[in-house]
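Each of the next two complexes has chain A plus one more chain, namely chain B in the first and chain C in the second.
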Partner chain A sequence: MPRSALVTMAASRRSVLRGMALGGLALGSGGLLAACGGDDGGGGSSGSGTTVKFGINEAKGSGPAYDRLAAMAAAYTKETDTKVDLNAVDHNTFQESVNTYLQGTPDDVFTWFAGFRMAQFAEAGLITDLSDVWPIDGMNDSFKEASTAPDGKQYFVPKDYYPWAVFYRKSIFEKNGWTAPETKDDLMSLMDDMQGKGITPFAFGDKQGWPAMGTFDILNMRLNGFDFHMSLMAGDEQWDGDEVKLVFETWKTLLPYHQEDPLGRNWEEAATSMGNGECGMYLLGTFVADAVADVADDLDFFTFPELDSSIGADALDAPIDGFCVAAGGQNQEAGKAMAKWLGSAAAADAANSGADVPFIAANSGASTSSYSALQKKSAEVVGAAANIAQFMDRDTNADFANTVMVPSIQDFLKNPDDIDGITSSIQEQAASIFG
Partner chain B sequence: MSTETPVAAAATTAPPRQEGGVMSRNRGVIATVITAVLALLWLFPLFWAVLNSFRVYEYTQANGYLSFGGWTTDNYRQAWSQGNFGLHMRNSMLVTIPAVLLTLWLSSMVAFVLARFSFRFNLTMLGVFLAANLLPPQALLIPVFRMFREIPLPTFMSENGSMLNSFWALILVNTAFQLGFCTFVLSNYMKTLPHEIYESAELDGAGVWRQYWQLTMPLVRPALAALATLQFTWIYNEFFWATVLIQQGDKLPITSALNNLRGQFFTDTNLVAAGSVIVALPVLVVFFALQKQFVSGLTLGSTKG
Partner chain C sequence: MTTTEEVRRAAQDVGPPPQRREKKLSPRDRLVVAGMLLVPIVLVVWLVWLPALGSVVLSFGKWNGFGDLDTIEWVGTQNYEDIATIYPPFWPAIQHNLIWLAFLFMFPTVLGMLLAVVLDREMRGSRFYQTAFYMPVVLSVALIGFIWQLFYSRDQGLINQVFNTQVDWYGDPDVNLWAVLVATAWRHTGYIMLIYLAGLKGVDASLREAAAVDGASEVRTFFHVIFPVMRPINMVVVVIVVIESLRAFDIVWVINKGRNGLELIGALVGQNVIGEATRYGFGSALAVIMMLISSVFITIYLRNVFREERQG
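Let's look at the complex of A and B:
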């Protein structure tokens, strides 16, 4: 059908098209020549007059996240005289169509996530090897590791991150004389005390499917350790083994301390019930503050306490956002040069001074003066963590996370007694996805 | 429709008129009640969305959606500016209007040939046009995507020199997928035109082109109007192809741009409701302005005159 339509159209507008084809030939070859010239002359430092295309996963005007990226682009133009062509697409659309984007006509540099999501594209040859832009001043080893694909090369430049932790309202904890728990016993007695005072210990909502992944991640890291968690995510461990069953068993004993019927509640609603004091704590990312803006100043957090003293509590989820260079981009050298600059402290400072709300820069040289109290603490906590995971839907195959784990965890929350059935079903599907 | 038919049948077949009347009155009441309930069920989500689009998110979040209060019109203002709707509305029109015109023009030509001449392959041809309608467009996602990627366009038509990321791609895809339906409807409609007109036109020396342009087109104007209304709604509402073929944020049509109102984590549902109402408005305007054509469009070609 499209073919016949094309033919008909071409026939009916033959003369127009003939003109266009001729013009296109001239223009097309001109463009090619210009691109070659840019490559030769730019040679990495990207000379004046070059244009670099920058695809970002925030829609224009969507708030501070967009403002920060736009400020980075503007600062780059100012500093290097390279024109930046901004392509702003909203976060979810960008993420859902990233496959066609990278195989179609991608921009030179684009915003993306560290971890498995990055590694998948590296293996498919869709993103460019950036090992020659590393090391980057101010990026420590854990960030370098998060930027490295299984082939040992870096394909990613980190920009910022945010931790997942247990959030609570300072005033409520003070009023009741509660303190942040450090061991499992502390946690249990705190939760019992909360229940005794008519407060549900944990706010909980999993209508969207992904929030409960954070609970699974942290329980797995606390009970089985970071290394097991990562190899489980990579598909190298059994999902129906004793370790995963232990995670679900423990979760089952904790469920009575969570809000009931989590499948009917989205995270915003759960956050609200923590904000208004119905619930005492909420395990979520720092973005929880967006949903309870009126009490955001009263928020504080602690990392999830240790459950097994031989494993400790030094690992957490802290998804890292950053940049990749698309292999299909037209100007590789300019893309690489920009990616390197985007990882610098200057880029982070430009972003944070260009928006109302700063991000937590991955670069340790970036100024922290504009950070909120929560962000300063986040930076400390993540800096002190021995191991950083990226969150389940970034650490594992996206299809596995979305089509297997989302419904499986929801099944578990609906029917916590069927752990054997759920784990063996996950294992079956994992085997077919990871091969 | 289906509820009226038995009523009419009862009225004509039953000789004692009173009994038939009682029967039909009862059935009429039941039918009305059922239709009313169904209509309410169907309208409720729309009504709910419109209602909540006028409320502040903080208020509904704190008091729940069953509360009453927190009225505002800010959502509309914010949706328009944050969603950048002016730009995206323009994109939608740049795609929809040429696509509708092109579809009608091409399909009317095909329909004219199919209805006017009796070539051996006519039926097969109509079959081919209809068969394409049976295929879900999603099944063609990958071939169309790959094909468009390989089609070069001069840079003044598409900045990155490929069919992807250009309005041309959307216009072509929408035209191609709507062509089958339009051809079917128009050829059926054209078949109802009396053959004698063409015979006398031919006697007067009108060529095929003139028979098409000056004779047939004015006569099928009602059908074209009806189809234009339907096609406008469908192509304007099209979401799937735009998300796949357009990767540049400032080229997305308005239906896809509705996503601009969703955050990465946080979504202000009241704001999205306001945005949806804005996006739905052009379709509603078209529908109410051309309601007559719309309804006749649904039954077009179902009877032979």
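Let's look at the complex of A and C:
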């Protein structure tokens, strides 16, 4: 079962309760976070005897995700004789106070996400240019691209990832003689067949607000291409243009094949209805397996089929987690050296052998022997993808994603006929936010 | 009522009440008084007025929290204009806060008072009922949101299972506000009940006896004797209900972060400044609007209190 980093990702989004409790602390906790770092660990650059401070977004004892990072730190000390000073912080707290953390006295190396979230820190000068760390053995071009900020330099070292794809139960597909669709026609006839047999083709829930972003992303990438998608996310395209309207129009034609009333259903409930066979498929990240653990061995997936043959189906959402070096860190050289090592196959192997559940390593040289079947397939699919997007809330301005896109997509799901009104409202707000 | 009022006013017309003789304080007393005033004033200014003014100042800027304060881009009233014109959740949020206020007054508050009166009669098992009704107040709101989720879930919830319905209680924007209000009322009723019960226990028993001797019925006694005597408690209840409904936030935040039919001003502030979104200027503008609305109620309340003090 792929209870890897995905578990923590899922949990981070899911744990509303924790988020609530911490919400109140968010503004104040930056100081706390920085304070955990302790004193200056000593000068010098890299190599034997130095100390590098390593800030990680997993609290001690929070499960495999922490174990993997701790194993990486231990292996680094063993290999290079560099002492690693671990600063372990709860996942949500870390995320919510990262602004103040980076502007205070941050650790040298810290865990972070690729995409806009990395790029905005690069633009603000809060993270260090890592272009001399690249290329990294075993990291292909799509990972390098995901580590690159708009100024063309790399600021990030990937660790692991998980893809978004269409999940289904193998046994149900076999019983009905269904196969994974490759074209729009295949998909339509598969969905019609499912409906004929009383099965809702797509499970769907958007109570939390972010799951439906995955549907928007994939439709936009299939209909308008990866480059348009990324430039739309960067705020360089019109949200009320024909391209975005086409995405919503297509989505509207697909909605009758989705579960009704998505706004009251969280993704866990939607996953359950796919798990118990009420629904045939579910477009979600691989963390879907966590919600249907009892049938996880029966799960398989395919990437969303092509909708426009001139564009194809070689792009997908696969959020990448990894490391940055803080510009405010005391020991830049040691930080860079460690970041480079963290991207290596050896680091990934150390992490995966140090925990019960492996992650899917970004480095293609990493051993896959401990992977589950789903993880092996994930690695294949992502390795074959020409372009990797990070998911809407990581690819665009977080303000825009959270305060504009979440309610707007929900409005669309409530009222799919008002595409013109919704897209023009998004454009007005985008213009105000992106300035 | 009118006669006592007139008498009182007449008494005031006659002349000001005799001034108390001014007492000279010893230097040491002065120091103590100064210290006792200064410490709270510093705390209030530091912890209340400065942050409030800071929010007002921030609300005229655009800032994502990166860099120093000089990176704030001053945009005048643009945040306020955007809120009123192109920010779709704002007007629904105002409306929902008002509905929240009206609902809390009409149902749970009245019900809580009724329960208090009934429980005050010391019937058998009143302690048990008291505890049972008060239980939800002890639970955290986050937990309450979760407990009701078990009832309201569209596919797996108790209500839809028992009645074999397909109502999307938390997801349908026409229904979910009311569903949440019921969950809130569940908690609010117990809260009001306890406060009111405490007040009732403090009512002088001789008043009831006098009313009983005069042959007043139970209902009449309550409305004409007990209720007026309880004026301070009633005022507290009013204030609590107003505050609770204006700052309502946690339960909708737990359910869906205050979106899709559950927009509340407090939740909108949260969406813009807590967590990953960092629209500090925009969020502050929303907070200032919330502050202005609250100050209307606070002003009314304070005027009431001061008038009473002057009269009393």
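Basically, the second predicted complex is superposed on the first by the 390 of 435 C-alpha atoms of A that agree within 3 Å, B and C clash if a C-alpha of one lies under 4 Å from a C-alpha of the other, contacts with A are read in each partner's own complex, and residues count from 1 in each chain.
What we mean here is this: contacts are C-beta pairs under 8 Å (C-beta built on N, C-alpha and C of every residue); 3 or more make two chains touch, one makes a residue touch a chain.
Fair warning: this is a prediction, and the values are worked out from it, not measured in the lab.
Novice: Tell me which partner A:L255 touches in the superposition: chain B (first), chain C (second), both or neither.
Specialist: neither
Novice: By the touch definition at the top of the document, which applies to A:W267: first (chain B), second (chain C), both, or neither?
Specialist: A:W267 contacts chain B only, not chain C.
Novice: Quick check on the superposed pair: does A:L126 touch chain B, chain C, both, or neither? Answer first, second, both or neither.
Specialist: Once the two structures are laid over each other on A, A:L126 reaches chain C alone.
Novice: With both complexes overlaid on chain A, does A:I433 touch chain B (first), chain C (second), both or neither?
Specialist: Once the two structures are laid over each other on A, A:I433 reaches chain C alone.
Novice: With both complexes overlaid on chain A, does A:M188 touch chain B (first), chain C (second), both or neither?
Specialist: So A:M188 meets neither chain B nor chain C here.
Novice: Touch test for A:Q410: chain B only (first), chain C only (second), both, or neither?
Specialist: The answer is second: A:Q410 touches chain C but not chain B.
Novice: Using the superposition on chain A described above, determine whether A:Q103 touches chain B (first), chain C (second), both, or neither.
Specialist: A:Q103 sits against chain B and chain C alike.
Novice: By the touch definition at the top of the document, which applies to A:S62: first (chain B), second (chain C), both, or neither?
Specialist: So A:S62 only meets chain B here.
Novice: Under the contact rule defined above, give the chain A residues that sit at the interface with chain B and also at the interface with chain C.
Specialist: In the superposed arrangement, which is not itself an observed complex, chain A uses residues 20-21, 23, 96, 100, 103, 269, 272 for both chain B and chain C.
Novice: Given the complex with chain A, which residues does chain C contribute to the contact?
Specialist: 62, 64-67, 78, 82, 86-89, 142, 146, 152-156, 166, 168-173, 176, 250, 253-254, 256-257, 259-260, 270-272, 274-279, 282
Novice: Provide the residue numbers of chain B that touch chain A in the complex, in ascending order.
Specialist: Interface residues on the chain B side: 58, 61-62, 81-84, 102, 106, 132, 144-145, 147, 149, 152-157, 160-162, 164-165, 172-173, 175-177, 179-180, 243-244, 247-250, 252, 256-257, 259-260, 262-267.
Novice: Can you check the complex and tell me which residues of chain A touch chain C?
Specialist: 16-17, 19-21, 23, 26, 95-96, 99-100, 103, 120, 124, 126, 207-209, 261-265, 269, 272-273, 393, 398-399, 401-403, 406-408, 410-411, 414, 425, 428-429, 432-433, 435
Novice: Of all residues in chain A, which touch chain B in the complex?
Specialist: 1-2, 4-6, 8-9, 20-21, 23-25, 27-28, 31, 55, 58-63, 65, 87-93, 96-97, 100-101, 103-106, 267-269, 272, 276, 285, 287, 290-291, 294, 330
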